[in-house]
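Chain IDs A, B, C, D and E follow the sequence of writing; residue 1 opens each chain.
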Amino acid sequence: MNELSQAFSTALTLLVGLDSGLLEIVGLSLRVSGTALLLASVVGLPIGAALAVYRFRGRGAAVVALNALMGLPPVVVGLLVYLVLSREGPLASLALLFTPSAMVIAQFVLITPIVAALSRQVVADLWSEYEEQLRSLGATPGRALPTLLWDGRHSLLTTVLAGFGRAVAEVGAVIIVGGNIAHVTRVMTTAIQLETRKGDLALALALGIVLLFLSLLINAGVSLLTRATERRA
Amino acid sequence: MNELSQAFSTALTLLVGLDSGLLEIVGLSLRVSGTALLLASVVGLPIGAALAVYRFRGRGAAVVALNALMGLPPVVVGLLVYLVLSREGPLASLALLFTPSAMVIAQFVLITPIVAALSRQVVADLWSEYEEQLRSLGATPGRALPTLLWDGRHSLLTTVLAGFGRAVAEVGAVIIVGGNIAHVTRVMTTAIQLETRKGDLALALALGIVLLFLSLLINAGVSLLTRATERRA
Amino acid sequence: MTAGASILPLVARGLVYQVGGDRLLGPIDFELEGSGRTIVLGPNGAGKSLLLRLAHGLLAPSSGTLEWRTSDAAELRRRQAMVFDRAVLLRRSARANVEYALALHGSRGAERRARAAHVLERTGLARIGDRAARALSAGEQQRLALARAWALRPEVLFLDEPTASLDPAAARRVEELIVEIGSSGTAIVMTTHDLALARRIGDEVLFLHLGLLKERAPAADFFAAPGTPEAQAFQRGELTW
Amino acid sequence: MTAGASILPLVARGLVYQVGGDRLLGPIDFELEGSGRTIVLGPNGAGKSLLLRLAHGLLAPSSGTLEWRTSDAAELRRRQAMVFDRAVLLRRSARANVEYALALHGSRGAERRARAAHVLERTGLARIGDRAARALSAGEQQRLALARAWALRPEVLFLDEPTASLDPAAARRVEELIVEIGSSGTAIVMTTHDLALARRIGDEVLFLHLGLLKERAPAADFFAAPGTPEAQAFQRGELTW
Amino acid sequence: PLAAETPFLTVASTTSTEDSGLLADLLPRFRAVSGIEVRVVAVGTGQALRVARAGDADLLLVHDRPSEEAFVAEGYGIERVSVMANDFVVVGPTTDPAGIRGMGDVAQAFARIAEHEAIFVSRGDDSGTHKAELRQWRHAGIDPTPASGTWYRELGRGMGGTLNTAAAMQAYSLADRGTWLAFLNRAGLDLLVEGDPRLQNPYSAIVVDPERHPHVKAALAQRLVDWLVSEPGQAAIGAFQVGGERLFVPRAELAPGP
């Protein structure tokens, strides 16, 4: 257990020292997961909202499938993306394997179902309140979607933060498609796994603490930002 | 890419054949993640609801922290639980390391913040509708919690399913505290990782497909069950 | 008020609405012919709100038919509006609620702003147009819902108890407004529990009881000589649960 | 109706409620002395609902004080009840809504069932007690909210427009019920826009306008000779926005 | 019989013994003669040492001599027992852009790779294999670390993950023969260099010292070690094959270590 106290002091040293190696890894983590989250939100929020609003045969099945996809294992996502991007895969020509772009794609695939499934529930709750009124006003489902996403933005924030958490914390997918190459595709979680393999649990934990601290900063920033915007509105 | 088609046919063979080795692994996966989810729900739902209802200094900070904990990396959780359960840790006497119980604990730690953070948002939405009425009726926050959890059960279901998805899909934590010991602590995700390491990508993918298929069955079962209960009510 | 051929008449035949095994409304037959003010009366739970929602196309009949002159769904939507008994206001300012509805109907820019300002002015909300709609008082919300529906210049306007939460003066002003809207070519279909109001402004009365259309008559006749014992008791305030 | 010393009187001094920079109510001084029926009148947006919510302890005054005889918060809660202008019903049956409230107040078993059955019966909901509360019609919901609050046998009962959505007969029955509740020792504080109702059952009137308490008088005096130009205009239905 | 009644011991091992399938072949044989169940936790070399050091395993099975010696010297293990060996091989793309196929001297082969700046993936995880690879660079007189991120790529992954990456990148790499032979995703990779005596890779077993950790099942662990070095154990190791090739050499056949 003295690794734990050692981990905290190492984490502190890392945070204070901000050495360039750490900054590089942290920067890539945020870039990759941030981009994946952006894309997943752009795709997942409308999908979730659409599943809440449109009525069609098989909607129930689609919702069940989406909920099940929240249990997509990162390693499986990694393998799928790996096969698609590999030399023998259909997108080989893009030469994306072992680049940060491949990691973005993998995390995007991983978290889009999560963002979509959670936002479906949020939007469905709002829709049950708004449905008759919006239909009465002549809003087609297509016109209702942006309204619902906008009016539900506070609740959807938690959804998006859940997606970010999943992306920034996962290692199974990015290590397969990124390869954990030093200075190229090494991110916080792959570095943590590496130190764990090496048996340097204190350093691994310290990196974990740094990652959590970062998540905390980002969440706090988002929270302050939302409050500030609300106050203005 | 022919791994992909091969994976599907292997998956089919596995599902049809239902050999005892696979059943053992599948069974353990479900037992571990199911137990972890149960515990995480028992702890996380009330915590989330309490954060939505009780007003206290630092509540905002607590919510931010909880949201950030959704980004807890599985490997870090695995390390923490390992250090606690290890022979040199405080709970060494329980001799839980490398047992399914250790895996349950790790997944519990991993998903409780997720269940709590997501349920906080769901309950907060409901509370904004119920607050004045429940306070008027003389419900203390403590009495309001079960009411909110019950009346919000449909929305909370998605939350719980998200927790299940996270638990059943993660590998980083269970492999550290479970050790991926054949016939003892091998679950679907650690088996998938093992096959990936061995380069048997088709088998790894096939196991992934089996896992997803299971998730699908469980989600469908839950969905049918809820609808049936609703119809009766 | 609206261009093109009218969407009226609306013809209901054997209209039934049920939930589970319970028949909540019908079978009902009626026609809504043209402009004018139709008042739907009846005790609580008679099915007035259900009837309005069915006519407005928000609920699908369990059996029977409801037919407008046109079957163009988008056109039907565009030419009707409804004020619910319980206003559902969007999470934005009162003005933005009106402008949102106008935007859905294709109104843009200065025209939209002018129309919103006009309807808010006429419903006494101009001063508080920038308040969050959901923070408004009960009566203010009810007026906002009316303003929003009226802003759309519907050919048929369904009003579900539009004066229930209004103070005496507001109720008078809204009554005048409803009469004015009706006179400018909009068909009004309105429920109310204010029999004096119904008597003053109603052209025709539909009287519902326990889900059935018990009586349909010109308002003057209905109030002068109700044709059924239920309607008589209702008017005396004695048709009780 | 309730055991032990009364929680009344309620004394408000310099009561102010504001949101952001806007003063929505006050400063207001008043006392609520004992049982009897106090009617709060005023135009839409005058601050009636805010005043009830402040008195009931759901909102905290921005400044000024509100004091009951006792300062035991749990006791205060237990001895008051309120019917909101917009009923908030839990997602369960009508009966379960009443029983839920009773359970919160410690009522158990047969006693609870009997009390719930009684209040549902008296508000005309016995027949539909097993329907989902949120599927009820507007008037049924309003009666259910009243039944639920009354079931608790409060010492002070706040009613925000409790007859707004009721049909004529139901309004009469509910009026009788309110009078009966008041006579059995419960202090009633009620808002309404139905001046005839206020005149019939009010003991005292508080007249609010633009957030200020303009007049406070015995009901008979208020209606016979309103003391302020605003109250005069209000009664004539001419105090408009 | 209840599973709890079966005596068991926990082995901390590197992934190569597990991934090659060797342990899955050996352990049932051991169980048949001893009645002892062996639970294998296969992790990175450093992690295996760390787990054993904490007393969370009863036996250590790794292939990194300096760490093993330190482990014993620091009093965590009783004795280092040589069990078997395999050897390292240099793998690379079939097209072999650096032209090292068939070379007998690893140092020369590595020098060629560096000269061509052909992509080389390193485990980069401080494992036994990684350290062996670094030794070969030293022999070749080359320091690849400045090139890290260009042609020299440090992955920080296990052997299997590294081979998967090498296959996809068409890169050279150093692998242990066991994992290589058992590895299925070879897509376009070939074994290019083998047989250099420097590439020997001895595995040792160390029983965790019960004086350090009184709870460890030293007696059970010792029985496994004894069986591994016994006649039947060594025979089983020597007989273990994948795809018709022998993966591990019994210790009796080993040349004396460097």
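Convention: a residue touches a chain if its C-beta (ideal position, glycine included) is under 8 Å from a C-beta of that chain, and two chains touch if they have at least 3 such contacts.
Because the structure is a prediction, the values reported are computed rather than measured.
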| item | value |
| --- | --- |
| Shortest contact path, chain A to chain E, counted in steps | 1 |
| Other chains in touch with both chain B and chain E | A |
| Separation of mean Cα positions, chain E and chain C [Å, integer] | 81 |
| Geometric centre distance via CA averages, chain D-chain A, whole Å | 49 |
| Touching two or more other chains - residue numbers and ranges from chain C | none |
| Per-residue overlap in chain A, given as positions that touch at least 2 other chains | 82, 88, 176, 193, 196, 201 |
| Chain E residues counted as touching two or more neighbouring chains | 43, 158, 161, 164 |
| Interchain contacts, given as pairs of chains that touch | A-B, A-C, A-E, B-D, B-E, C-D |
| Chain B to chain D touching residues, read off their complex | 129-130, 132-133, 135-139, 143, 147, 151 |
| Of all residues in chain D, those that touch chain B in their complex | 53, 56-58, 74, 77-78, 80-82, 84, 88, 90-92, 100-101, 104-105, 148, 152 |
| Residues of chain C defined as touching chain D within the complex | 19, 42-46, 48-49, 85-86, 124-125, 127-128, 135-140, 143, 160-161, 164-173, 193, 195, 233-235, 237-241 |
| Footprint of chain A on chain B - complex, ascending | 1, 3-4, 60-61, 63-65, 67-76, 78-80, 82-84, 86, 88-90, 114, 117-118, 120-122, 124-125, 155, 158-159, 161-162, 164-166, 168-172, 176, 188-189, 192-193, 196, 201, 204-205, 208-209, 211-212, 215-216, 218-220, 223 |
| Interfacial residue positions of chain B with respect to chain E in the complex | 86-88, 97-98, 179-182, 184, 194, 196-201 |
